[in-house]
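Just below is one structure, and these are the notes that go with it.
Order of writing sets the chain letters: A, B, C and D. Residues in each chain are counted from 1.
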Amino acid sequence: MKKVALVGYGYWGPNLLRNYIELPGAWVQWVCDSRPEALAKARSRYPAVAGTTDYNEVLGDKDVDAVVLATPISTHFPLAKEALLAGKHVFVEKPMTGSTADAVELVNLARERRLTLMVGHTFVFSPPVRKVKSIIDSGELGEILFVTSSRVNLGLHQKDVSVVWDLAPHDLSILHYWLDETPNSVSVAGRACINPGIPDVAFINLRFPSGVLAELQVAWLSPVKLRRTIVVGSKKMLLYDDTESVEKVKLFDHGVDFKDPETFGEYQLSYRTGDIVSPKIAGTEPLLIEATHFLECLDTGARPITDGLAGLAVVASLEAADYSLHHQGCIQTIDTGTTGS
Amino acid sequence: MKKVALVGYGYWGPNLLRNYIELPGAWVQWVCDSRPEALAKARSRYPAVAGTTDYNEVLGDKDVDAVVLATPISTHFPLAKEALLAGKHVFVEKPMTGSTADAVELVNLARERRLTLMVGHTFVFSPPVRKVKSIIDSGELGEILFVTSSRVNLGLHQKDVSVVWDLAPHDLSILHYWLDETPNSVSVAGRACINPGIPDVAFINLRFPSGVLAELQVAWLSPVKLRRTIVVGSKKMLLYDDTESVEKVKLFDHGVDFKDPETFGEYQLSYRTGDIVSPKIAGTEPLLIEATHFLECLDTGARPITDGLAGLAVVASLEAADYSLHHQGCIQTIDTGTTGS
Amino acid sequence: MKKVALVGYGYWGPNLLRNYIELPGAWVQWVCDSRPEALAKARSRYPAVAGTTDYNEVLGDKDVDAVVLATPISTHFPLAKEALLAGKHVFVEKPMTGSTADAVELVNLARERRLTLMVGHTFVFSPPVRKVKSIIDSGELGEILFVTSSRVNLGLHQKDVSVVWDLAPHDLSILHYWLDETPNSVSVAGRACINPGIPDVAFINLRFPSGVLAELQVAWLSPVKLRRTIVVGSKKMLLYDDTESVEKVKLFDHGVDFKDPETFGEYQLSYRTGDIVSPKIAGTEPLLIEATHFLECLDTGARPITDGLAGLAVVASLEAADYSLHHQGCIQTIDTGTTGS
Amino acid sequence: MKKVALVGYGYWGPNLLRNYIELPGAWVQWVCDSRPEALAKARSRYPAVAGTTDYNEVLGDKDVDAVVLATPISTHFPLAKEALLAGKHVFVEKPMTGSTADAVELVNLARERRLTLMVGHTFVFSPPVRKVKSIIDSGELGEILFVTSSRVNLGLHQKDVSVVWDLAPHDLSILHYWLDETPNSVSVAGRACINPGIPDVAFINLRFPSGVLAELQVAWLSPVKLRRTIVVGSKKMLLYDDTESVEKVKLFDHGVDFKDPETFGEYQLSYRTGDIVSPKIAGTEPLLIEATHFLECLDTGARPITDGLAGLAVVASLEAADYSLHHQGCIQTIDTGTTGS
């Protein structure tokens, strides 16, 4: 039984708390939030959990094995660092930090102290994303050629960070996971439509060492909510649509054909696809799988799938993307600042 | 009654022929194609139409008022130039030419000779595209902020031109028409996945003088066929999906909201959109409207909506896009090479 | 503050408990279930709520104002009757009872004792169903002509009751609410495909006094989950699709046209619909609205929208439908056994 | 080369003419229509085809092998009978006749004269319907349990026949073909909403000898066009949606599960389906396959798939359905009036 403390009970914290409360292997010792009314809310629902506004009280509690940080991005680095220095394992929400340098420091610190550092890239634990990973790894798609992704919302804006920092961590962590590589370079075109200085729409082009080209659309402003990723391989293609309730992943045969100017076909309607298969996917909540994974890593000392290096790779990609976004879409090299694990 | 000659009876020619045959104001005098078997095919369907493999025979026929060119792109310029020099009005399929310089020459030639030069940007004549134009012009969307478009196919490749020259003319002509402006600059990331040297997927970023940012996805290789354009304005947004049989255009209210880190909302599912309206759109075939417009311009001498300058703007955008595509996605200025009409 | 006791913590009880726990005007005094492990589950989540396996303990608690029954159908009548006899207000899940006679007895008992009797026809409290009600009442649809509904599942069967008793209460309560009338007669064709003697698919035809014809499809066995209701009126039509996340309700203009054998139209593709409008609908959880309504009725003494008579009308329709289902689809008169309120 | 005469150039005739004109094995000798303006329309498109308003001229032409009848239903019987008596093979549009007695007479006449009699049940020749047939015959679905079908339009009404005679022939011919049996009995609930006396919405319940239960919804008045058929078998289920452009047929695994009142699942979202497969289906035009089949039968003397008996079975089902529709939805026995082939 691992004793954890949840820090931050705002937008996302309640989801984490609910899952850790119901996990047999965890005991939630503390909920910590600087706002007393947030604590009151948490404790009205779970009266058995102790509340505090003082982070030091949490870190000073020798029974606490790990802290789970669900606070604003700007606080991730200092809170995680303090926790590691206090000998606590750390689970921190995505993105891990606000800068590559901070991310490197956390990675090194965790390594030196032999503590577990895991990042909440939840989609990596979602059943459809894992299904796609297993399809890619099986070679069924052939060589991956390009990826497109649309993650656009109906109007929920952030006041402090750009849409790149808000939404792109999902797609970056998914792509890094699927492709087992970090992009070499990125260029971004975007615009701040509503709040001056805070881009709310961005088109992100990524180049991977393997040659994969990826294009991510992220926006807070769209008439329709889209969560649609297309992966085109040399043998097959797939569509992952997270807004679909049943057919989240669909596999398609290739349909390469050439428009021959010498033939006399009238307006060609043929669809040269073969069978389309939508594999069965479990309905398990990703957060539950993620929390279970964190506890297992605490027990076994194994490195989490979304460990500090995975978090660092996402932060480095975000930093380069943000630089390009603010420098006329220049092509920016991505540097993770480390020489491997 | 205008007498027209159709030149080129390959992929697209039969559609043009069918429409001109059925138009009361036109008489199809000739079908011309260098391949006798193409002519035979055309004449088996329409025995009353004369056929020839000799373009000069067409140009030498004094009864012919106009030529309609549906030949490969590389032949557009020489065939159109000869026709204008022979005093014929010209309708030429998109893209008008393979280079900006050629396009400028045709525009100037038509102007000097006071001949009608029209380009087959068919989508400009499609009822849903016109409906969107009228919505934009009415101010209902407010200031246009950004546009995204996906035009991806299931596998029908071209052997000679890139996907940019094949598919982007549609989106460029639509955007120029909707926004009444030509983009300042373009950058393109793409890849030649199937045929070396012939990019078959491209992501095109456009910046317009008004500040509009546009992103066009074009690909020959996709698991699903997409014809989806999103226009986001400062007041409303719209979705134009040409694959929808009934609700091709949908209008959405804005839903700007801010994710407040101080509130205690659990995972927020609220969709802050207002009513959604899908206006009624006529089902008329765009080609018929296009052909009718060409005949009217011949009768009245009016300048076509998709005149030579419109064709030139598309060619100039394509040329700049192609340059960027082959130069690491550099940001390329678009120069239409003219100083207005 | 009303004190309530939840009786039955199986499939549906947890949803009721969560809502009553979070309602400011209610205090959950007891959770009662004959199975100790069900109680343990409830109390691990809400330690502050007392648990008992003894229904008499609940009825004997003078502090309890109302019982909320979420037990198997066959127990609804005896438990509700005992509660009313003990002077408690009663909220009982749908269907109210297993027979019309029992339903009449509960209605009469509640009336005599001046106690509130409400039935959990949750859909009547769902925002899209209420939106449709307001559209119908506004006269926008004109005279209602016919209704079709498909409520089919992917394979979740019941062991004890037919699909008619399991799924049709939803559609019947919705129709009674929308149309303000109870059908005169019903005929049902069905089949027991999986479990002999337990029909799992049924097609229910209803005739209403106003002339409305309704057809309800209910099935436990379907390749796709459907929650689709179509209401056709003399002026407009609407589609209510509860599986849609955004456009749950859509309003359509009429498109009456006549296929004239004298015209020469080729295969007619025209869709004669006008604009299509999808009104904004609030995302509030129906159970919360339902529970709030119950508390308000307790406070004010008002008759609930889904009162005992509404529950009785559904039971009478179900009983007649079941009779027809087991008698070769005969047309069965629906008799609510009362002479009005 | 078979010489055929098309009789009736109204709504459907042009589609037949186009296909027979382009078939290598057929020569269209005549187009016959009592309306001179219809003939003029046909001949402006196909000047090589002779036109006549006199049916006897067609029947008297010894070169004519077969007549293709696309005239109003009420004329099918007399025109087909005359043609058979004149020694011509007959292709007649669906439904074959307006009464079972007439259908029997045509079947007998064709048999006596050893002439081919084929009915235009076009859907039987449509690739998705044939795909479903092959899936059913392969046993992949197991025993067929029930079928539902929705064939509803957006508002195109007929003035002379009910919606049952207009739309149900499609579903009946498809079901007869798939199941290799004719229903024993039928009951129909319907309503004449727009034109008094002409029902425009009907719900048709069919019982087949094998135990299959089928429910067909047909309507001229609907907010959405539906062409959706669900076939549920004891092993698998399938969905055939003819309005889908790509995934017209989808195969689903079974998902039978029991709602156990003893478990403590909260609101159950699990979808117990396995993989979903959408097989590749050819895009060939059904009319072309149908016309080719007719010519082959003329050449070989083989009995058409949609021969006179198939046409008779549909007419008998329609007649019984119509009787039920006008007699309070009584259960009506279907009698094909023959004792087999």
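Note that in this section a residue touches a chain if its C-beta (ideal position, glycine included) is under 8 Å from a C-beta of that chain, and two chains touch if they have at least 3 such contacts.
Only a predicted model underlies this, so the values are computations on that prediction, with no experimental measurement involved.
The chains in contact with chain A as well as with chain B are C, D. When chain centres are defined as mean Cα coordinates, A lies farthest from chain D. The interface with the greater number of C-beta contacts, when B-D is set against A-D, is A-D. Centroid to centroid, with C-alpha atoms defining each point, chain B and chain D lie 40 Å apart.
Centroids built from CA atoms put chain D at 53 Å from chain A.
Residue positions of chain D touching 2 or more other chains, listed in rising order: 224-225, 245-246, 271, 273. Every residue of chain C that touches chain B in the complex is listed here, in rising order: 245-247, 253, 269-271, 273-280, 283. Per the touch definition, chain B reaches chain D in the complex via residues 47-48, 224-225, 243, 245-246.
The touching residues of chain D, counted against chain C in their complex, run 9-12, 14-15, 35, 37-38, 41, 72, 145-146, 148, 154-159, 187, 189-191, 193-194, 201, 203, 205, 207, 211, 213, 215, 217, 219, 221-225, 230, 232, 234, 237-239, 250, 252, 254-259, 261-268, 271-273, 328-329, 331.
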